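Here the structure is laid out as structure tokens; the discussion comes afterwards.
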Amino acid sequence: MLLLWLLIVPLLAGLLAFLFRKRSLMELANLTAFAIEFCLAAALAAQVLRNGPVSLWNGFFYADALSALVILLSAFVALACSIYAVGYFRDDEESGVFQEIQESSGRAAIDKLREYYALAPIFICSMILVALANNLGILWIAVEGTTLASVFLVMFYGRETSLEAAWKYAIIASVGLSLALFGTILTYYSAFRLLGTETLASLNWSVLAGNAANFDKPTMRLAFILILLGFGTKAGIAPMHTWKPDAYSEAPIPAAALLATGVLNCAVYALMRFYVLSSKCLGPQFASHLLVIFGLLSIGVAVPFILVQKNFRRLLAYSSIDHSGIMVLALGFGGPLGILGMLLHMTFHSITKPLLFFCAGNVQQHLNTDLFRKARGGLIHSMPLTGAAFLLATLAVTGSPPFSLFQSEFTILRSAFSAGYFVVAIIFIGFLVTIFSGFLVHISSLVLGADPDHSPPKSCRWKSASIVGLAAIVIVIGFWLPSPLYRLIQGAAGIVMGG
Amino acid sequence: MRLPFFPTPDLGNTIITLMAAMVLVLQIATVGQRWLISNIRIFAVQSMLLAAIAGIVAYFNHATHIYYVAFLTLVLKGGLVPWLLERLAKRIGIRREIEPLINVPLSILIAGGLTLLGYYVAESFYHPEETSVRAALGHNTLAVAIALFLIGFFTMLNRRKALTQVMGLLSLENGLFLAAISLTYGMPLIVELGIFFDVLVAVLILGILVFRIREAFDSMDVSKLRKLRG
Amino acid sequence: MIETLVKSGMQLVLILLIAPFLSGMIKTLKARLQTRRGSDVFQVYRDIFKLLRKGMVIPETASWIFSAAPYIVFVTAILVGLMIPMTTTHAPLSLFGGVLAVVYLLALGRFFLALGGLDTGSPFGGMGSSREMTISAIAEPAMMLAIFTVALAANSTNLSEMAKVAVSQSWKFLAPSQMLAFAALFIVLIAETGRIPVDNPDTHLELTMIHEAMILEYSGPYLALIEWGASIKQLVLMTLLVNTFFPFGLSSDWTARGLALGFLFYIAKLLVAGCLIALIETSNAKLRFFRVPELLMIAFILGSLALISTFLFI
Amino acid sequence: MVGVSFAISVACYLTGAIACLASSRRPALARYICCTAALAGAGFGALAAVLGILRGTPVRFSVSSGIPLFAYSFSYDALAGFFNLALAILAGAVSIYSFSYLKEFEGKRNIGFFGFLFHALLLSLTITFTAADAFLFLMAWEVMALASYGLVTYYHEDEETRRAGLLYIIMSHIDLGCLLLGFALLSQASGSTEFASFHAAAVQMSNGRQVAAFMLFFLGFGMKSGIIPFHIWLPAAHPVAPSNISALLSGIVIKAGIYGMARIFLDSLGGVPSWAGLLVLIVGVVSAVLGVLYALMEHDLKRLLAYHSIENIGIILMGLGAALIFRVEGHPQLAAVALIAAIFHTLNHAIFKCLLFLGAGSVLHSTGTRNMEELGGLIRPMPVTAFCFLIGAVAISGLPPLNGFVSEWLTYQSLLAGFGVTGGLTRILFPLAGSMLALTGALAAACFVKAFAITFLALPRGTESRHIHESPRPMLIGMGLLTAACVALGLGATGFLRAFDPLTEQLLGQRVGSNLISGKGLVLSAGMPHGGTVSTAIIALGLLILAAPAALLVWMAAQRFATRRGPSWDCGLPGLSAENEYTATAFSKPLRMIFSALYQPRREIQAVFDVSPYYPKEIRFESEIEPTFEKRLYAPLQEFIVRVSTKMRAIQAGSIHAYLLYIFVTLILLLFFGARP
């Protein structure tokens, strides 16, 4: 029943938004829903930790440690985003952004708000569904659902560039997901030849995983290639990453943060499910090589764009490409350390990344630009909290100790050596160092420097609360990870390892 | 009945293979086609053929749920979607020719190459020692499905207009449909329904987007959407 | 303890007395070689004595550093003198400082003298200090290499140990490494003591001075201390040269006979070295300042060759 | 006991950091907390260090982090003790100094944040020196870099400062990358990140991996220490930080690299091959000589000191390199002596470099400039600062009887001993390295004559009009402590050297303390029979005794004639002014000419004539030397990276067709190559 509630709560929040006519009611509904959602996710995690996998409707919904982890992370990000969104959209309203929209498209501010408060919960609902679906077909549908919900969020502001971004996002994601669907069909086929229609009727992962060793191998090969490309597109792995900078820089900040963490997690989650099947069927070697190549390529592609970047929101997008590359790379390295490192990375990334987005959002809203050139540096003078948090988040996201992403990257590096990928490891570290340099050069030039005499922004409690809260969590998990969370991650790693 | 030039002994499979080949021919025809409206109509025919394939599969394998699939395909892809697209095309007033990025003869050549690639890939699925019907059928239709997919993809690459890219996407999904139907005799029904629903929503959303792009840019040429760089 | 003090006292007297003599002797010799009459060998004593009885003028700009420098120069020179075997192989204070201490104590004196030169605020002082520090710096590696060559042969940087080893195998000075090291150290000696062709101790022409420019503002007892200190330094370096490379006559104990014999040999060796310097000073012109590094480079190469030959020809 | 003092010290730093941040709204309180907490931490740190050094056997303890992979485990042994001792001395002196130094920040800058970073730096250094686990070590290592970055860019409004800070943090991160790889290599071999497990595993590693591990660690630690050619960040970053921080950066932060090398090369890797030791030695020589040569050309007081840090790191590496070679050649006794030379010089350099930076800070504090060409004559208004700086200058120049001399003397002795124990041509390298050490020492002396004389002596060069005053008492006490340490470690070296026994025993299995001391505990000997001996105490005593009669002579003369004060000789043209003084640039000119091949000096003289070409109205003189490494190595590299990146941006040119094409091509390639087994 818990599983069902996990889906119903956000759906309800989305539907309620259609009913309300007042902003505060929508905000309230949204906040309450995600607070409840987070509690539900925590409860699910606790239950999974205690009693093992939970399933519903004859295994239609199925949650093991891996799902619970992804759901917990999605719920966490959703909660953080919903808190931030309150401040963000109020600011938008006050600064007259909605007015402009109204003038150009004739849509009232409250309609715009409703658009967000209705779509975001649906978007999150489909993310939760991704993790809950046992049936691989449903999994695919849910992933496609995230795309459909988020296309409107990307074109939220209705500018020409938003349309452009939305179009590119929609087309590329659709093509990608078609590949994933093809892969899913072939997976089904490779199992079908062994098991026949009857046992397979539901295409359930929990059934498939038990029999994967006997699947038709050539089909599985082809299927995994297509799956990698397909869900890889959604995860933003190079060379399928091209939609990311556009979509991330055009979507409203809370939606962009959801895209960068929630959607990324879902896509990687889907990849992991198929990775388990593939490595059981074909042995880990085949998937590993492919994943390592694509992972390294993604990190490498992000490097030049991070080094030479004019727009700080696009910078964040490339960081996301970099991180999806790291996760895929870690999956490719495999072994207990690699998988554990990958899941740790996913967890830490989901916690850290929203902070970076929120800081960028504050800066963008305050200065009304997302270009470094126009921001003119020295933000620490007019917005000390955001500035400091921005630097902190930059360091955290680039994997610098003492922040938690360093722990996962160190683990991943160790797994690379264990798996014998020496050269890859060296290139990997080289890329990371370069990315750190590029990031810090840009962000420090934004935050530090002489005071350019911007007027100080109006302080917003919602924004500050989300930033301070996240920053506190980011700092704490750098030094200490709650042991239940670790056990959950360990359990998830066990599942991906195929145990 | 046994036709000498098809290796499959089973009539249903023979017909399926034949129809799949026709679908492929239609797909290649799309590549060479210059008119948007004809493109939409070819898509409709193609979808109907697929619906027929689904019907044959359902009949020969006594799989009732595939009848639903066949029906849905016929209605949605053969009727509703082409109708919607045609309306949209008329509403935004596209009458002119499609201007492909690569000229027609070369495009067709490439489409041929992609078909070959499809066969090359599918060859590894051909197990001559396995004399069962399914194996041979799988080999052939998989090749066609891959070819359909690749050619659809290529069409998307080759077209400038937003709407034509949507067309490419749709024909690409027809390839998937063929694979799903003929390889595994249909996915579980719920999955199929979900996929149909998704396709429909996708077409709607893309349609809205096409409309908005047309409004904002006074053009449907997506190759002009190049503001976001670097 | 007492013994060390007595020995130190004896050597101290020796140093204080011989040093001006050596300077005077070279001056006289030079004059004779240049067919001048020149002053007699005791003129330097008279100069020092006279300066010690004069009043002083201290530049207005100078601080206590200016006043401290003469003491440090003088005292370091003497202390170094006590670490070097002169008439016997056993120098009184050699346990407390070997050849490295000698080099670095002299550097300490130079350090303060250069500070004193700059403390006056006069451009001459600055120029002198700059040049002095430059030349000593580039002389240093050559000196060290030459010293190392000897030290490696003796397996010690302790000067008494080195002298003992040298006496016990006195034929060794003919070895190529010793010859080369000697040549290197001799060039360094010329540079360090401010002799032609590196520096001209007799000139006060503005642009050619090095050492003299540095001490231009010193007068009276301070100047006496500096001059005396400089002559002691010269003595010390020459002693180092002659006693390490030509150790004959060094007494191995502190008996009266040994000391007397050692003393005679020592004076004789100093005389020979002094003649050599006088000869060189007479027969050479002062080099341009920027040619000096080339000379010191030669010394460095000689030192390196010395080292290499140590292990090639042993 | 060690553990408790260590824990209290860590707790002091930790609470100090948080309390400072919390009190940032109240500057005076923040300053007070910052300095008091640091002083307390330093006190307990020193106690822990002394106890840890004397104890001999390591003390271990560990704290859980929630992830079993990463444990916060510490090991306090003699090596940790020495570096912690240096840290504690410096931290103590700097925090006393900062009582007054930070006062000028009040109301202008955020002292609370400064205090937070300051404590974070001290904390991370303490942990770096005691970490027993690669993970904890790397954490502390990078926190140290980040805290230093924050402190270097404390004056972030200034463009130069920001650039310097970025250069610093980027180089730091590169070295972190090297260390990460190195530790990952070792962890993979041993299956654990504990330092204790590395030794056994490293010995079993294949030759290629050993080489890789050595090179990675050498690069990583070397960059942190500022070895040439990875030094360029050091002279950029150290001068722009607040001076009390520069003192810590040059004093102890760069020593973390030395600590790492000692820890990894001698302990974890279990000895490195002979060529590796030789590499360390050669890099040491190059860094020492080039470091001091570049220092000579500086007339920014703090940059000059920063270059001297490179030089001294070079000297330390000479000792360390010798130790590594001796160890592998089977002479652990000699290795122990060389190691003592290196570690002792590390400690000494920490102390006198900190002293000098604090002195420079005082000068900056009261005159507002770091440019020596604008200073002069400060010995009169600031006599105590001048005295402390002078002692520091004598010490760093390696002149007897202070501490710099002792450690350089030990280094010489080790280098000389190297001639006898190695074969072939490499043996020549030892005495040659020794001669280069001599060159370095002499050049350093020249440089500090310049630094001290131009800054403190003669006439002021344009700062007369400013109100120059002696520093407040806490600053003087801070410097005074370090001055006393210089003298004490110099004169009392023999008393101190026995403390190295636990260290050498632990790393090399040798106790050589008793060999190094003879002659009733006053004489330092080279640790081998008939080797060299020296006694700084006796030298100091001798200098004092001998100075007495000389003073008597002068006093007697002064009784007869009054000592007069008069103007300096002005060539008969009255009016000698500060403009006639020798400048820092002029002082170093002979060396600039002699080493012109290195400096590639460029100079430009422009004369403006009024009427006659013989009487120029004004002459403008410009001179600069070529920053070879920056210009020839780093600038082209940076340019290359930026150019390639800019070209690569064509990938994302906005065309959706191109984007689809990427996917299409990838798909086709994968289908073609991957789909069939």
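As written, the chains take the letters A, B, C and D, and residue 1 is the first residue of each chain.
The criterion applied here is as follows: contacts are C-beta pairs under 8 Å (C-beta built on N, C-alpha and C of every residue); 3 or more make two chains touch, one makes a residue touch a chain.
Just so it is clear, the model here is predicted, and its values are computed rather than measured.
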Chain of greatest Cα-centre distance to subunit D: B
Length of the line joining the C-alpha centres of subunit A and subunit D, rounded to whole Å: 44
Chain centre separation in whole Å, for subunit C relative to subunit B (CA means): 100
Between subunit C and subunit A, distance of the C-alpha-averaged centres to the nearest whole Å: 78
Whole-Å gap between the CA centroids of subunit A and subunit B: 31
Contacts with 2+ other chains: residues of subunit A: 167-168, 171, 175, 218, 222, 245, 305, 308
Sequence positions of subunit B contacting 2 or more other chains: 121, 124, 153, 156, 165, 222, 225-228, 230
Multi-partner residues of subunit D (at least 2 other chains): 649, 652, 656, 660, 663, 667, 671, 675-677
Every chain pair in contact, whichever chains are involved: A-B, A-D, B-D, C-D
Of subunit D, residues touching subunit B in the complex: 649, 652-657, 660-661, 663-664, 667-668, 671-672, 675-677
Subunit D contact footprint on subunit C (complex, rising order): 52-61, 63-65, 70-72, 74-76, 78-79, 82, 93-101, 103-105, 107-108, 110-111, 114-115, 118-127, 129-131, 133-134, 136-145, 148-149, 151-152, 154-158, 161, 206, 216-217, 220-222, 224-225, 289-290, 293, 300, 303-304, 307-308, 311
Complex interface listing, subunit D residues touching subunit C: 377, 379-380, 390, 394, 397-400, 405, 409, 412-413, 416, 419-420, 427-428, 431-432, 434-439, 441-443, 445-446, 448-450, 452-454, 456-459, 519, 522-523, 526, 530-535, 538-539, 542-543, 546-547, 550-551, 553-554, 556-558, 560-571, 576, 578, 580-582, 586-591, 593-594
For the subunit A and subunit D complex, residues of the former touching the latter: 167-168, 171-172, 175-176, 179, 217-218, 221-222, 225, 229, 233, 239-240, 242-243, 245, 290, 301, 303-305, 307-308, 340, 344, 378, 380, 395, 400-402, 406-407, 410-411, 413-414, 416-418, 425-426, 429-430, 432-434, 436-437, 440-441, 444-445, 448-451, 479-483, 486
Partner subunit A, residues of subunit D touching it in the complex: 65-70, 135, 138-139, 141-143, 146, 153, 156-157, 159, 162, 165-166, 169-170, 173-174, 176-177, 180-181, 184-185, 187-188, 641-642, 644-646, 648-649, 651-652, 656, 658-660, 662-663, 665-667, 670-671, 674-677
